[in-house]
């Protein structure tokens, strides 16, 4: 089996089956595709699966039925979206995975789909851990982790990346790791509770910025000084997080950019031109700290 | 004829733990959970623990009280979470508008008043569907459950709205006598609702409708109006809870505000002694139910129980609490 | 209705005005889609639509039995998620092992519900809410919070992915057989009639000497089993056991049942109308996707929510109108 | 004759309230056995223990020659006991056929219900009662009377050794009662025993062989029907000497001549739909106007129309000379009209609420100041009615569902008397009420009109109607076709008026 070719034409019918729209990151990503559609001459079909992998497959099905030319798929889950990838391939539609990938055991880049555009969640967690090890000054650190939605792949990967890396430094002990559902309110509530059980916390690692902001609020409500007695580290690079870094309340956030539209357009054009596309078009995730937060905040979402 | 022969003579005042369990199942459950926490959970006996729990439970309690009223008429309201999101989305739009920034005091007042009006309008919508069009409550309120949050996101373009407005935030972060403002608010609402249910004609009609709607109608009760009013009250309280959540977070997240609140609120109401077929409105029971659910959540979190295991534990505790409650009916 | 006046359409409509609304709405929506979109009536769309919605059809039908007794089952989504994990684990042994065992796991959850409701006398709403939480937790525990890949080598994925004559998905065939059997059971057996009688009056049924508890237990076991089957289809059709799936399925199922004209207070209900209800709600998604494809507008996620709610509103208004027109014709107690 | 059932020293208390205190009962094979007693004497409780609905605290039950432990209605049925409960226990949403055959459906291949056969069977059994209805229609679409007949039909079709009928005739009128008696005799002739509970003592003389009397949860008497007088039965029930009772007539209505005042209500040509097409009725102050009619003649529909439940499709109503628009019960109540409905369970009581709350439900607006209920006055009023009507309750806070049927009825009557209406519509006000209480209620009605108010009385009991009403408007197929005037109406005249209505109307 070889990849379906993509002919070069004026306009393309493009499918973008978004998985959910319940957080700012997803909304920014969807917007990025809508904006790109204009610039890139796409007739964009964008759907929303409301957080269900099964619905996302059904959405892909309806796009195949409508005869799209290209599919940009952000797979909600690694394994359940494989059927969608295979169906698109069978229908002769070149597929690019966006921001998350699928299980490499059953679907391969260059065979079932063209390429994966995105960053590496495990790596994001690892980079947060490395920064923390480098920048934490004390000789003992009690760490609290606020996980993303239980069972979701970014939560699993960001936990794995961080846990593995932080374990290399004996100063750090993770005393609690609970889900905050990637949401500010839940993150705050969980942090409030964990703070009662572990008042000696030194580091809070949140799987996204929203929960990190929630944790900051919990600390402040309890009369603590985030940034001074407690170091907060996280992932995403949202405007609020950068502001918190500027204000000295947060240590670091590793970028996980949602603006995939332009990259998608460019990669598709390369593919249509017959270029060989690398299996993983890696996104360069920046790392925001006190050093560069101020200059980047205007571009943040 | 005397009624005496109908009352058995043997009612010695002995302490009967079975009876206590039957009549005060909810309280017993509360005591058990408290006892467990005091023994096991680190730093449980601290003022800050109380503070945290009150500030977290207030929203559930406030919504659960509204839900209790709706349930008392034999209805149910699935739209509470969506109404929270809607009210919460509107508030920052108002005080962050040009007008709101020009007249800050008026802006904040409007930012509280107007969302509550919208929430009441949602309640009116539910109430009209249920009482005038006779749509079954679960379905009637499912409409706003599905679309209410969508409307909230439309208003905000899906964006998270963050803000800094200490006046507005007071309803979520203020303190009175060292305890959270919203806790006092919940207590005040409970007192008012308790008075309404036990002392007013409106309250009596609420219970009568839940007990036998046809009989209430045929006795001249304003059944339609009472039912609509109950959904409006529930809507208003949900809206209030939505504002509190937004105020605490200094951010309005239309996608998440009030997510799954309907289940927590219903569970709290039932754990507190409400009967889903209607006819009972234990207002303080709803608070008790909310506190139990909150404490369960707190206990599991504070003791580091994994999320998935916590779900199972929560399930068992809800069943146990309701089981103790139900024993009373036998 | 399968009884003697099964094909007396006028009688059927006058007895079941509330089910009629769903058929009319379904026909209207199909016609709308057919006229408006190019590939809407294409084989690919129909067959993938049926494949995906077979899950919702089966849980809705299971749910309809529960609702007919005046109960409710909020656990179906979580149970389906749980059984999808079980099915995925068992997939190397083939569908003939995985399917029955996964369905059995669903039945076991139904048994738990029945135990809570019948023995402990916990209201169904709360009992099944607890099971919903428990099954979700259980699914995450046994899967270690990961999706579980199925064995693509065995015949397991056939059910969810292969189609007869490249058109009719196996999933809908299996579901169709089960649904028809259940339709028969409802209309033609004492058990089915007891289910309806309980909803119409549990005390009365008890006093009439009906086996009330047996029938109540049956509906929860059935609903659990149907959720189990949905879980198998989920695993088989999407190549993985998914502990996080099934969120909100219970409400979809309840809405299908009610749109199909079943009273939530129980006592009335129809299997085919429930199927129509499930198809109707599924069709709304499908049509929204096609509307997106027209390119005139890109409907954002929140617009979709509003439109779905508005559509449900329209169907319900229509139903209420049909009902009140019918009510005026005669006293309906 | 051999014994079929023996219940001995039965005890039962509900939360400390003693319902049975050593009651006993024995029934022989093939007899029709009457069970009588005042409201709350424990008749229904005794029956429910026998059929396994309740479990006795103490006592023995022998059935069909062996000590028996019946723990559920299902067991009772399989043991051969078929029961018609006092509060109709049917499933209104299901078809007539289903309500009759449920649990005993005819099957094909042992599994699949044979609906054709089932409908046929239902039709046949109903024909024995002279009714010909669409058995596939929902039971709930028929009147209470039909429903009661369906319940009876079901019990009779069950091939039982003992058929228990707890007030089977309370919703039936004379002709149906006759049919029922025919069926009961048929059962007896087939060797089936019947336990028959009724407050209509005259009925008992017609069909019963023996009678057991209960009082305050105890069995006080059991004897042959032959040779007993009505007075004996009443004195046994009340526990008073017969001389005390003999003084008054059998109804309390035969009081003084009432003076009729101005017109209170005048309805002309009103219609609400196919079941009420043309009704003319005038009620003066101080007058009781009866509504006579056979089953389904539209009496209840007439009451519903006057009380604003069903919207008028034609005609006009005027109150005290001014035209009135009664569109809701609330409006009717405001205008001074009250309606005691015939279906106590579905339209009257709020089961879980207390006697107090039930009693003041319609009065609430007047007990309220600024929305707040005046609780002291509420209690005062409730107590006065409990005393005045002799309502037997453990206290005003007892849930009404725990009261016996007759006492529930009194509470509902009190609910309406409390609002002091000018026109009281009573749909079967003494249904299920014992003789003593019936007379009390009748006295209350008489007292009520003597104050210059008006009453519309609907009763299937002709004696009550003939003696109580000053005029009787005769209804047939939803039309008023004739008016009879007292004095001078006899049951005979009424029956003839009803029977010949068809021809005269034509």
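Letters A, B, C and D name the chains as they come in the text, with residue numbers starting at 1 for each one.
Here is the rule we use: a contact is a pair of C-beta atoms (placed from the backbone, for glycine too) under 8 Å apart; a residue touches a chain by one contact, two chains touch by 3 or more.
Note that the structure is predicted; figures quoted are calculated from it, not measured.
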| item | value |
| --- | --- |
| Contact-richer chain pair (by C-beta pairs counted) among B-D and B-C | B-C |
| Averaged-CA centre spacing for the pair subunit D and subunit C, given as whole angstrom | 44 |
| Centre distance in Å when subunit B and subunit C are each reduced to the mean of their C-alpha atoms | 30 |
| Whole-Å gap separating subunit A and subunit C, where each centre is the average of the chain's CA atoms | 34 |
| For subunit A, residues contacting two or more additional chains | 21, 150 |
| Residue numbers of subunit D (touch at least two other chains) | 346 |
| Multi-partner residues of subunit C (each touching 2 or more other chains) | 140, 145, 263, 300-302, 304 |
| Contact pairs between chains, per stated definition | A-B, A-C, B-C, B-D, C-D |
| Residues on subunit C engaged by subunit D in the complex (per definition of touch) | 2-5, 11, 15, 184, 187-190, 193-194, 196-197, 199-201, 203-211, 263, 267-268, 330-333 |
| Subunit C to subunit B touching residues, read off their complex | 116, 120-123, 125-127, 129-134, 136-138, 140-141, 145, 251, 254-255, 258-259, 263-265, 300-310, 312-313, 316-317, 319-320, 323-324 |
| Residues of subunit C that touch subunit A when the two form their complex | 37-40, 42, 44-45, 48-49, 52, 55, 140, 143, 145-149, 152, 160-161, 234, 237-240, 242-245, 247-248, 285-286, 288-290, 292-293, 295, 298, 300-302, 304 |
| Residues of subunit A defined as touching subunit B within the complex | 21-24, 27, 147, 150, 175-179, 181, 183-186, 188-190, 192-199, 210, 213-214, 217, 221-222, 240 |
| Subunit C-facing residues of subunit B, complex | 78, 129, 133-136, 138-140, 142-154, 158, 263, 266-267, 270-271, 275-276, 307-316, 318-319, 322-323, 326, 329-330 |
